[in-house]
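The data blocks that follow each hold one structure.
Here come two complexes built around chain A, the first alongside chain B, the second alongside chain C.
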Partner chain A sequence: MSDAQTAGASLLAVSDLRTWFHTDQGVARAVDGVSFEVRGRETLGIVGESGCGKTVTSLSVLGLLPQPPAKIQEGSSIRFEGEELVGASTKRMRALRGNEISMIFQEPMSSLNPVYKVGDQIGEALRLHRGMNKRASRAEAVRLLTEVGIPEPDRRVDEYPHQLSGGMRQRVMIAMALSCEPQLLIADEPTTALDVTIQAQILELLASLRDSHGMAVLLITHDLGVVAEVCDRVVVMYAGQVVETGTVHEIFQDPQHPYTRGLLDSLPSVDDPGQRLRSIPGTVPNPIAWPHGCRFKDRCSLAGPGCEKPQDLVELGVDRAARCWRVES
Partner chain B sequence: MTQYVLRRLLGAIPLVLGIATIIFFLVNLAPGDPTLLLLSPGVTDEVIQQMRENFGLDQPVHIRYVKWIGAMLTGDFGYSFTHSRPVADVLMDFLPNTLILSASALLVAFLFGIVLGTIQAVRQYSAMDSSLSVVLLFFYSMPSFWLALMLILTMSLYARNVWGLPIYFPASGMMSTDYEFLSAGGKLVDRVKHLVLPTLSLALVLMAGIARYMRGSMLEVVRQDFVRTAHAKGLPERTVVFKHALRNALLPIITLVGLYIPFLFSGTVFIETIFAWPGMGRLIVEAIFQRDYPVVMAGAFFFATMVVVANLVADLLYAVVDPRIRYE
Partner chain C sequence: MSRGPETVVEQPVSGYAASARRPGGRGLSAVLPGLPQLLGGRWGTGAMALLTWLGMGLILAARSDRVLAATAGGWDQRVALATLLLALLASWIWSWREVAEADRLKTVGVSQWDLAVRAFSKNRTAVAGMIVIVGLYLVALLTPFIAPHDPNTQYDLLTNRLVGMSAEHPLGTDQFARDVLSRLLYGARISLSIGFVAVGISVTIGTLLGAIAGFFGGFIDGAIMRFVDMVISFPRLILLITIIAIFEPSIFLIITVLGLTLWPSTARIVRGEVLSLREREFVQAAEALGYPKKRIILRHLIPNALAPVIVAATLGIGNTIVLEAGLSFLGLGVQPPTPSWGTMVAAGRNNLLGAWWLSTFPGLAIVFTVLSFNLVGDGLRDALDPRLRS
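This part shows the complex of A and B:
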């Protein structure tokens, strides 16, 4: 077992990541100075509204964004087991993808190729990274399907994606991602497209696989309920920046940033049903022209004179920070 | 699947009979009299009458229709007025030539169309993409008979008379005059050389259309989530493009096989005439001018049947490529 697989050691260190898109309308600074760390065997959640840059962050890690229009700016750093991935060769990135770092996506309906059997699609990474032949990779695909809880794996392995339900397809995606025993699994909104009962099953599966495989999970979601269920630590993103970090307990019990509080307030309360759901007024601003000063101030109920200047991330303790001048360090 | 094929074949029977009926009445109700074209001017009315009786043209049109359909169902397409042979025999002489020409044009058009369209999509907005777009638009806009004339002009006439080059690709016929004296390999080469210009004339227009469809289809497919999944597995670019994207991008192209076959056949009518290619297209054109009704009807019927069959084949190909389509 390598060092990175030991709990606590840094596996993925993202620092000052800035991924900008050069468009006809201007430069969209979708991810604008994001830093966080994923450690061995932990689950880090990245939370935020649509358009906050969380998906772009995850795609940047694997180098899956089309360049151009996307461009990872100078000074950005993504280190995986100490190795710098920004500017790494395509060949090196390909060797990592699906092997050391795997990814599952939001839409299980469209994330599988409709014209190939699921067994073939699962076995593909094994043939590529492990040099298995067709027969061995098929046998391994059957084993993986069993592991992700698909009944009758012998039969399912030869089925096409359209013959499976949404939940089953996401299980196939997970089997595919697990095939080469990655150290890091990036799950981008893995349950958003599924209905609630299936969501819970998939989350449970992810958590149990994380423990049995000893891998770390970077979970991208807009759903705080999902975060509460499976994450150890949380990064809250807003407008291309990290606005708050902390353990799940800290974020839920003692949110510091007004945005995090807003998100928590928007959750339906079990104690007080029948109450009108609250929401944060306004929408995420346009990444081509982020607001000057605090990027959240236009939607913040506490906005005041101190919010006119750009906000720094204020360290509040170990792995605990918030991007608001009002917090006490 | 077998059941589906059988059902489609059975369903095609009334369609083909309907086509035969329309062809029959279009040809037979058109003005003109074949006997007048065949006989010298000034023959007596009795001779004309005798000839009409020989051809069966003295009978009312509905009787002729029933007789023709009845005979056709037994494989008898009648007797050619001008070739003085059974129509089926005449067709058998010309049919293989047209099939060779159409098949090679179809092959060239789809092969190059798919390859060029894919290249364009993979290198979208590159200089390669733009220049191919211009060239393809040119071919797409040009009528095939004009292209044929330009090919003859450049490859034959200018090649020899202006540029002093040998004629690599002959502009007329299916084989050289010394064909009989060539070795087996030489015969094949000679045939292929004769095939080049007519094939290009037919194929370039279709190829340009296919490439444009393919480019669009491919661009749509590479944006799909499963292509991102393939990249996320670490697959090299060419595997992603040629395994994951290409097969999905081909689905809409298959429909074009069925759609383009009629264009191809109507193209052969011009192209065979221009290149003196002894095929069905030229046969029918000549038969129309000579009012050789049985040949015109049989030829048109054959083309129509081929279109019906091509569409059936396209549907079946669809099921082969796309597992979501299983005809039960």
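This part shows the complex of A and C:
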């Protein structure tokens, strides 16, 4: 484990990331000036509705977006252990992916290759990045399957993805992502496609693996319940921007931005059974034409004078900020 | 929340694997291949192993002089010898392994290919076609041992010309007093190998170009697919006739020209498959794990795009055999005296009323071969498409 792995040190620093898509309809500013930091051994959650730019942010970090149409704009910076990744060579990015930064995806049904045995798929990264031979990589695959809690790993290692349940496939995905001991694991909606009991198992697994491997996790989700369960700090995104940051405690106990409050209000409450669920009216606007001024004002119950000008992120303390002029007063 | 393992649905065990093992099955298979299967009631597999073994044994016994001479013979005789020994060995090993497979219930590692094989083996017409094709290729490879006469030897023109079926010449003789059965068997070698090799070339080119076009998209895709459109827009038969008219007609020229003109349809199929596959998350996952593009195309995309290619290739071999027969019929294909089914049909058409056997047998050979390929192709399409699998 390297020095950067020590808790609290900055592992991934994203600053002023702007990823735009050049389409026939115009320029879609999917990610528009996002800054955040992931520190060693912590779990940072990125929360927001669909279309807020969460996934584009994570794919930008790994350089996985097809360019064109995507284009990371001038002035954007993604630093991993101090190394600038924006504009890094394809070769360097390829060496980084899987090895130091890994990613798991939402849909466990389609994220494994149907024609290979799971053991071959887990072992492939090891053979490629670590130069292991077939026998060693298979033994390692069995060990990883055990570690991610798959029963009878000796047998499962020779099975094909279609023989596994959704939860088991997600465990296999995690085993693949962990195979080369990455320092950062990006999990993009890892539990959305699973049923609730399996969701909890997978989240517990991620948390325990984070501790045992000493890695950091960047968790992307639209589910605040998931955030409450596993995250240390939270970044709330809306319309391609960060609208609020804070610790899980701060976000849940003392939300500052009206959007964060809206998200929290839409959670079902145990204290108040029988009450109708509230929702935020409207949908995320089109990234080709974000609203002028505050991007949330059309859906905000507090909208009024002062919201027509663009909002800046207001510092409220250490790691605490919100993008709303009202928090100043 | 408990963190227990999720329950796993066991794969259903296929019927043949579940059939009980007889004690001493392996020993029986060592005595006579197919015997344990026949005793166990699996008639089809047993008969196939036994018939292969008996057939090879029969050739070995009846034509021992030719088999022995083959060790010092030309390359086609050596190929025939190798085929003979391999088929003999294979019937033994296959019977032995089938017994062993039936011993342990196969629930681990059932791939999509295994499922397809099971679906295919339930389709009787397709299996029949497959048996005919395998038999044809075996016969074609073993022709130097089987053929009663040399295909190009002219017997006494006064007494043996256009003689009907007899014990000496089972399918009669042609206008040059050559044995029709022998020419038919040697013709099978030409026709079948032209179909196989030409389709092999076109599938390789088509798969690679189609995968590259589908994976990279953009300019590369446009360039490759416009080239495909261009090749397709040439009338193929006229292109073939022109090229063959310019150069000296030979088997290699025909194979090359067929191979180089048939690939665009494969390229289109593979491109379409890859376009939809590359949106699947396992391709993104492979990129996220830092695999090089070449590896993603060759190891992750192409194997998943192969099912429709196999179907198209099977049907393509049938088409190519017909095309080759057509070219040979026109005199542009295989040149005499080398026998091919197309040239035999063409040569017999002047004597159709007096000596019907000249054109009929090669014609039937073409029909049954192409029919078998089409049956197998249809069976493969059903077996490889999970939506059609029940």
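Please note the rule applied: the second predicted complex is superposed on the first by the 327 of 329 C-alpha atoms of A that agree within 3 Å, B and C clash if a C-alpha of one lies under 4 Å from a C-alpha of the other, contacts with A are read in each partner's own complex, and residues count from 1 in each chain.
Convention: a residue touches a chain if its C-beta (ideal position, glycine included) is under 8 Å from a C-beta of that chain, and two chains touch if they have at least 3 such contacts.
Worth saying up front: this structure is predicted, and the values here are computed from it rather than measured.
Undergrad: Clash or fit: chain B and chain C on chain A?
TA: With chain A as the common anchor, chain B and chain C collide in the superposed model.
Undergrad: Tell me which partner A:150 touches in the superposition: chain B (first), chain C (second), both or neither.
TA: In the superposition, A:150 touches chain C alone.
Undergrad: Now for A:95: first (chain B), second (chain C), both, or neither, which partner does it touch?
TA: A:95: touches chain B and chain C.
Undergrad: Based on the superposed arrangement, let me know which partner A:158 touches: chain B (first), chain C (second), both, or neither?
TA: second
Undergrad: So, A:21: does it touch chain B (first), chain C (second), both, or neither?
TA: Touch partners of A:21: none, neither chain B nor chain C.
Undergrad: Among the partners chain B and chain C, which is in contact with a greater number of residues of chain A?
TA: C
Undergrad: Which partner chains sit in contact with A:296 here, chain B, chain C, both or neither? Use first/second/both/neither.
TA: Neither partner.
Undergrad: Which partner chains sit in contact with A:197 here, chain B, chain C, both or neither? Use first/second/both/neither.
TA: Only chain C; A:197 stays clear of chain B.
Undergrad: Looking at A:167 after the superposition, I want to know if it touches chain B, chain C, both of them or none. Which is it: first, second, both, neither?
TA: In the superposed model, A:167 contacts chain C only, not chain B.
Undergrad: If the shared chain A is used to align the two complexes, which stretch of chain C, 45-53, 117-125, 135-143 or 153-161, clashes with chain B?
TA: The listed stretch with clashing C-alpha atoms is 117-125.
Undergrad: Name the residues of chain A shared by its contacts with chain B and its contacts with chain C.
TA: The overlap between the chain B and chain C interfaces on chain A comprises residues 62, 64, 93-99, 102-103, 105, 107, 110-117, 124-125, 128-129, 160, 162, 173, 176.
Undergrad: Mind pulling up the chain B residues that touch chain A in the complex?
TA: Those in contact with chain A are residues 224-226, 228-236, 244, 247-248, 321-324.
Undergrad: Mind listing the chain A positions that touch chain B in their complex?
TA: 62, 64, 93-99, 102-103, 105, 107, 110-117, 124-125, 128-129, 160, 162, 173, 176
Undergrad: Could you pull out which chain A residues touch chain C in their complex?
TA: My answer: residues 62, 64, 93-99, 102-107, 110-117, 124-125, 128-129, 149-151, 155, 158-160, 162-165, 167-168, 173, 176-177, 197-198, 200-201, 204-205.
Undergrad: Can you list the chain C residues touching chain A in their complex?
TA: 1-3, 5-9, 11, 108-113, 280-282, 284-292, 295, 299-300, 303-304
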